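Given below, in the form of structure tokens, are the structures.
Common to both upcoming complexes is chain A, partnered first by chain B, then by chain C.
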Partner chain A sequence: MQKPALSARRLLYSSFWVSPLPFWLTLFFLGPLLLLVWLSFWDVRNFVLQPDFQLDNWVKILSANYFWQAYGRTFLGASCVAAIASLLALPCSLAIGFILSTRAKLTVLGLFVVPFFTSYLVRVYSWQIYLTDNGVISNLLAAIGLETGSLLSSKFAMQVGYVTLTLPLVVVIQSISMLSFDRTLINAAYNLGCGPVRVFFSVLLPGTRAGLILGALFAFIFSFGDFVSPTYMGGGKFPTLAILITDTVKSGQQWPRAAVIAIVMIGTLLIVALTSLKLAYRRK
Partner chain B sequence: MHLSQATRIILMVLCAGALAFLYAPIMTNFVFSLTADRFPTLPISGFSTQWYELAFGDDLVIRALLNTALVALIVAPLSTFLGFTAAYTDYRFNFVGKKLLMVFALLPPLVPLVVSGLAMLAYLSRVGLSGNLSAIVISQIVLASPFAMAIIRLRLSQIDGDLEFAAQNLGASNWRAFWEVIIPLTKTSVFAAFLLSFAVSFDEYAVTWFVGGLNETASVRVLSFLQSAVSPRINAIGSFTFVVSMSLILCAQFITLRRFSKEKL
Partner chain C sequence: MVQKFSCSRRLFIKSGAAATGALAMPNILRAQTITELTMLAWYGQAEPDAVAEFEELNRVKITPKYYVGGEQMLALLSQSPRGTYDLVHADAEYVHQLVAADFVEQLNPSDYPLDDFFHEFHKFPGHWVDDKLYAMISRFGFLGISHNLDAVSRKEASSYKLLWDTKLKDKIGHFDWHLPNLGVLSQYNGNEAPFNLSEAGWSKLKETTLELKPQVRGFYDYGGVLSSLKSGEVSVMPGIGEWITGVLRRDGANVTTTIPEEGGLQFTESFSIGKGSRKAELARKFIQYMAGPEGQFRLANLNVFPAVIPSKRGWKRMIEERPEDARHLGMFEGSGNAMDLIRAGRIKIRKLPVQQDLADWNDFWSEYKST
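Right, the complex of A and B next:
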């Protein structure tokens, strides 16, 4: 007799906890993304959006030269950031994983997390001050006889911006896999006569592969979609996909074309992410 | 690990260098917010608070700051609640598709901000919600709740899953067991999640810029300043936002990591 009542109460209890976030995300995250797909088939007549089903936007964008140039530039740029940020993060995660004391490693990890949540915009603005002509860095270089002029509005400056954005994430992800790495494996390798270099390349790197790949993946994802660094560090001279979207949306009603670009971005990131996850968790 | 003294020193120096790279722009921002020069150059010619006076005497800035506070005060509790429900779901229940649901819940921050911005702008303007503060609140909750969820899930994973069932065996109802076991053990991490979502909302500039229309938050105001011209006013507002978000994050970290430092890492 009591059983159905009990399980009904249980059901009520569990659905109270299970449903709120999926509800919110379906309504305000999945919904918008699905609309975006539909939007890419719409038409714009007299500056007004018209629901429609036509392939015009896709044809226009996918046959445009400037789109593929921006695509190549964005993909290559993001791959560079993934490599650079991973390399810069490696000594940090090694230090956090294997050198620092427990207290120190938590403090240092904390110090790496803080910048991720502080204004990226303001930090990019500060980099502009460093890199502009007559800025701090070119003045320093001039003092030792190197005339560089403005370092701003260059691909170098863009990379500085991207690394500023992604380095904290990569360090944290790499550190997690370094911290959870089984130390006895290292000692075993030493006992079997491996030198430190060989331990690093044949034991530690393969053993922390997942963290290294995930770190690079996050750097790729975040720089791939970033519009701040290409706009304010690259000076808009190197339009990326994110810039194409902001320009299209902020300058007019061509949302359907921006939607096409957005879907291509999502598709690319999905493929890159699934490939990386496969590489990261593949069993030998 | 058996590392030579030289390797240790090199790794520590490189690690310090990476931190210097991340903190240099933050530090210079504080320095230049207090200079007397129109254009930030070295050596600094004099000390002045004029940029703070200029920035905080600007009606647009004040209005933006009020919007930021209002938005964050709504976004933070709601994100914390939604994040909590998802974290607790993952901890307590088992059902088909739970893993998929959790991946879905963590997805929003990984979608490029310009893509979510465009999607939410199009969607919210269809239902007549774009261009006002509620649009900003709605979309920021999507972006902030995964962070709240992560920080609370981390705490729940340290709690023995049988505690609640033990309470029920002793006669407590679901709610009673939850109230007496889970709440006391998670309340500090809930506070940390609140601070973290507040910080995420406080610093969000992209989606807010897309869906907000003419309503600006402080970070969107900074974006507008960036678009117009170099102005040391950005340094003044920037220093203020740095102080706020760094305090929020440091508090959240202190609360979260306090427990970890007692355990072995």
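Right, the complex of A and C next:
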């Protein structure tokens, strides 16, 4: 007779902890998303939003060349960041996972969290000092005979901004994956005669795949929606979808058209995220 | 003998309450006598450097709601109940829309010292509708070519042709708003009414603008415009004026604004009384103050950015007290000053597009940025 009572209590206990989840998801994700979808069908008359149901906003945005140019640029930029940040992070996370002492690991991981103490905007502004005409980097390059001039307002500067935003996070995610990797598998591979290169590509990379893909995914997500780097490092010269949203709202108060762009962005991120998760956790 | 100090909980609460009451008393008394005046405005218009004296003299606290862009202003007004804003600060191109939407009260011209103003502003077209006054001009400025004097001389900046000069490749910046940029390029194309373009004129303007893109370093917001011009990242910006270079000069930058031979644009700020304001009398007093000599002097030198003022007495004071700033703004005696430029027909008022939809200009600007 005791058993059912215990199960009921456990069920109640679990329900207590689980119940906020659907509440939060509805309040902060599903609700705003539905509102955004609804808004995308509204009209703007004399700069004022009017509830309506018309497809003009969708037609206007999806048939605009500049939208698809911005979409391509944003997708490509975010993909490059995912690749660059992952490659730059890999040696760091390998060192944290397999080379450093426990104390050093904690110190280094702590240092990778420090950038989050400062606003990203401030970090990007400080990059301007390095990249501008007569900035630190162009002066250093000039000293070895390379005249670069200002590096700001370029695709390179934009990538620097994106990597500034994402690299610490990618290092932390990759490091967690490396730290939880079973070292005996590496030893076993060596014992079975594998060289370091084969151990790296056949044992370590597949074994830490989830962390590597998730790190790249986060880099993609963060840079896909970033407004700061394309504006302040790219000089607004390479408009991304985030810039297009602000432009659309700024002139004419076109919130419904901005909603269309936002929905396309959310849809893209969902597809990329789900595909990545499938790749990360698929079984051979 | 040392006397031990003891404080019971009751005594502590009593003393605390008394002390809090004493400290709060001046604020409570002040709050009882101070009137609040609400203002919908561009940033800077209700900061202490602009309104502190008026607040002190009239025991008023001006509470601003700052907006960015005339369209946001119209949207805010339409979403607020009547009487929310006692004062509305607007650019001239939006005043007719304010009147059409019945957002502002009619003003009585005899309430204001219009005789102190240059006669061009006695009946400024943007502020009068059907011979009735709805907005009182507060200050204005010109938009032409702003440039770094180390890189480009005033003589070189005397034509918009400069923008295509090969030595300025990657050195041209844009303030990220289509209206002033397309407006000055329309003047370069020789359009007498730069915002009233036929289909052919509009196509030509788009062509001219797209030809400029290879020269462009970037598109900047207010902060970006300041930092890029100051750092030398950008040497020349069309469609901006002393509202940027005046701020940078205060900071030691060697920059100025030149109005090219093809002409420049004029932006005009004004104050109106919000429809349904329950403090219309006080709002009227504020506009009178801003149109008077002290208000005008303050408006010419606002921290947010300096501007030209329409008051002759204000000019006189500027020339006496701030001759260098006055000269850069074009407020000096003799030929070539700001009023001469207007009288010579070289300055056109910035407007919304007449024959095209505003959205068309916006779409083209997005396309231009993406090219």
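In this text, the second predicted complex is superposed on the first by the 250 of 284 C-alpha atoms of A that agree within 3 Å, B and C clash if a C-alpha of one lies under 4 Å from a C-alpha of the other, contacts with A are read in each partner's own complex, and residues count from 1 in each chain.
Please note the rule applied: a contact is a pair of C-beta atoms (placed from the backbone, for glycine too) under 8 Å apart; a residue touches a chain by one contact, two chains touch by 3 or more.
Bear in mind that the values here come from a model prediction, so they are computed numbers and not experimental data.
In the superposed three-chain model, the partner touching more residues of chain A is B, compared with the other of chain B and chain C. Of the two partner chains, chain B is the only one that A:13 touches; chain C does not reach it. With both structures placed on the common chain, the touch criterion links A:72 to neither chain B nor chain C. When the two structures are aligned on the shared chain, A:232 is found in touch with chain B and with chain C. Of the two partner chains placed by superposition, chain B and chain C are both touched by A:128.
By the touch criterion defined above, A:98 lies against chain B but remains apart from chain C after alignment on the C-alpha atoms of chain A. In the superposition on chain A, contact is made by A:47 with chain C only, not with chain B. Using the contact criterion defined above for the overlaid structures, shared-chain residue A:206 touches neither chain B nor chain C, since it reaches no partner.
Of the two partner chains placed by superposition, only chain C is touched by A:253; chain B is not.
By the touch criterion defined above, A:150 reaches chain C but does not reach chain B. For the contact definition in use here, the residues of chain A common to its chain B contact set and its chain C contact set are 128, 134, 232. Per the touch definition, chain A reaches chain C in the complex via residues 46-49, 64-66, 69-70, 128, 132-134, 149-150, 152-153, 231-232, 234-237, 239, 243-244, 247-248, 250-254.
Those residues of chain B whose C-beta lies close enough to touch chain A in the complex are 1-4, 7-8, 10-12, 14-15, 18-19, 21-26, 28-29, 32, 39-42, 81-83, 85-86, 88-89, 92-93, 95, 101, 104-105, 107-108, 110-124, 126, 138-139, 141-142, 145, 149, 174-175, 196, 199-200, 203, 205-206, 210, 219, 222-223, 226, 230, 234-235, 237-238, 241-242, 245-246, 248-250, 253, 257, 260-261, 264-265.
Interface of chain C with chain A (complex): residues 68-69, 71-72, 74-75, 78-79, 97, 101, 170, 173, 176-178, 216-221, 224, 227-228, 231-233, 358-359, 361-363, 365-367, 369-370. Contacts from chain A toward chain B in the complex involve residues 9-10, 13-14, 16-22, 24-25, 28-33, 35-36, 39, 88-89, 91-92, 94-96, 98-99, 102-103, 105-106, 108, 110-115, 117-130, 134-136, 139, 163-164, 167-168, 171, 179, 183, 186, 190, 196, 199, 221, 224-227, 232, 242, 245-246, 249, 255, 258-259, 262, 265-266, 269.
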